[in-house]
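Chain IDs A, B, C, D, E and F follow the sequence of writing; residue 1 opens each chain.
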């Protein structure tokens, strides 16, 4: 679907997508820290698709479950109980990612 | 004012404040990473007081301006142009913090 | 899924869940009022799972449909037309709850 | 300023203001409950002016501080630490209202 | 479901629905501009049902894809990457609408 | 302050600012429509600085008060009564802009 969006020919949307991608490349902050920042921002803004995306990247970068749950907790405390359904979804996704890696 | 809130005798509010404080203590994630997570969550939720609080903690923990601007950028890209006035305020606070340290 | 979250061993998340539970116990405000407050907060923040949870509790506590629709209206007026899809979902859940009780 | 807005001659805005006013009149729910619902909705949406407005009405209706702090706590737990600056502002307003009534 | 909501007999909800409908009628602004305003407001507030509703109206009013993508881009830049899943959904709906018209 | 932000040397932030500026240039949609879209998005997201910015641009582009109040009304109906303090601020700014132009 991202490709379909880019095919539209809107130059600013294309630039936004490029900017979004560059944002998470390692720099003064590591890729791990940047993905955690993306994850917690997605949690407090309650966007399931964005949470899943950053969670996948976090696991690829070998962040541990203990680290991820501490990040989940920051999202929960900052954003409140309204974040709970999204945290539950994040934990379900995390379990799926782990069970797929074991196969 | 926090003391006045705690004086109210509401036990759950007292517990929330304790929980909030514990959340940023180093664990599987460092204090630096946790404060950055608090900072970016505050940016995308656009809370100036919360941004100032976490920014002060980030500078105390010796995070560099370059690292902070990369965190600001994640807040900006995730949260959009609506974050700009809050990022401007963050940069103004950061300059104040630096000029106070020089004295 | 809540159990899976609690199994993670993160102490702050566990405490948040306990705090969340205590928050709705009757005190100076009745359980009925507290559940209505949870319901309207969930409506304006547009969280379907949270709406369903508080709606179930409201019906258990014998709040009438007339009372619930007045609460829905406050959510609608405060939060705007963006709340409409969530109010529609709330009404559909309410009808389900009533039809299950009749059986 | 509300008068200036209404002077604009926009009929829908005029109707919205009338609707907003009717919403808090007692019906199946009491005026007290309705003002508390307006207060907590304003807290979780973090609107200081709206919080002050509903707080004034709550005190006029003789809701106690203990009841108001339980409502604040629901706003805090549902909306998270991002609500704290707005809760602090609410407590400061409440103290002002009380000190004005004593005179 | 809207009919079921209106059947509830709550007068304020009924008035809100009437007000919502009148809001998009042509006046000093054209119907086209008003639907675009509803579309972008729905995008930045991330309400899929509302996006679909205004998108259908925009296509009925013969707004071109190029115009719609410029509106999507404003939603994206103002609201940030958190809007991307909702913009993708909007593009998918737009393709569906076009393919249904061809039949 | 924007200059201070750009001086930081963060390339992505610089690109975001450029993208933001390009977004409102006339294309398939007129500059007038684009500024109205920016205005209503800012209203429903409740950002006073952003509202003032787009309002100034709207007046420069000769949009009438009647048109602006219809846009305000869309923001009010979509975003709810929580938008009222921001609409009041917008009307106050509009009056200031007009009184400055008369001198």
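Structural remarks
In the analysis below, contacts are C-beta pairs under 8 Å (C-beta built on N, C-alpha and C of every residue); 3 or more make two chains touch, one makes a residue touch a chain.
Bear in mind the structure is a predicted one, so any value in this text is a computation, not a measurement.
Under the touch definition stated at the top, subunit B and subunit C share these contacting partners: A, D, E, F.
Common partners of subunit C and subunit E, by the touch rule above, are A, B, D, F. Of the pairs listed in C-E, E-F or D-E, the one whose interface repeats that of B-C, with over half of its contact pairs matching by residue number, is D-E.
Subunit D and subunit F have Cα centroids lying 27 Å from one another. Centroids of subunit B and subunit E (each the mean of its C-alpha atoms) stand 36 Å apart.
Per-chain Cα centroids separate subunit A from subunit F by 30 Å. Centres computed as Cα averages put subunit C at a distance of 20 Å from subunit D.
In subunit C, the residues that touch at least two other chains are 12, 16, 19-20, 23, 41-42, 44-45, 50, 66, 69-70, 73, 76-79, 81-82. If you draw each protein chain as a dot and join the dots that touch, every dot ends up joined to every other dot. The residues of subunit D lying in touch with subunit C in their complex are 19-20, 23-24, 27-29, 33-34, 36-38, 40-45, 50, 64, 66-67, 69-71, 73-75, 77-79. Interface residues of subunit D facing subunit B in the complex, by the touch rule stated above, are 46, 65-66, 69-70, 72-73, 76-77, 81-82, 84-85, 87-88, 91-92, 95.
Listing the residues of subunit C that touch subunit B in their complex gives 11-12, 15-16, 19, 22-23. Subunit F contributes residues 1-2, 4-5, 8-10, 12-13, 16, 20, 41-42, 45, 47, 49-50 to its touches with subunit B in the complex. On the side of subunit F, the complex with subunit C involves touching residues 44, 76-83.
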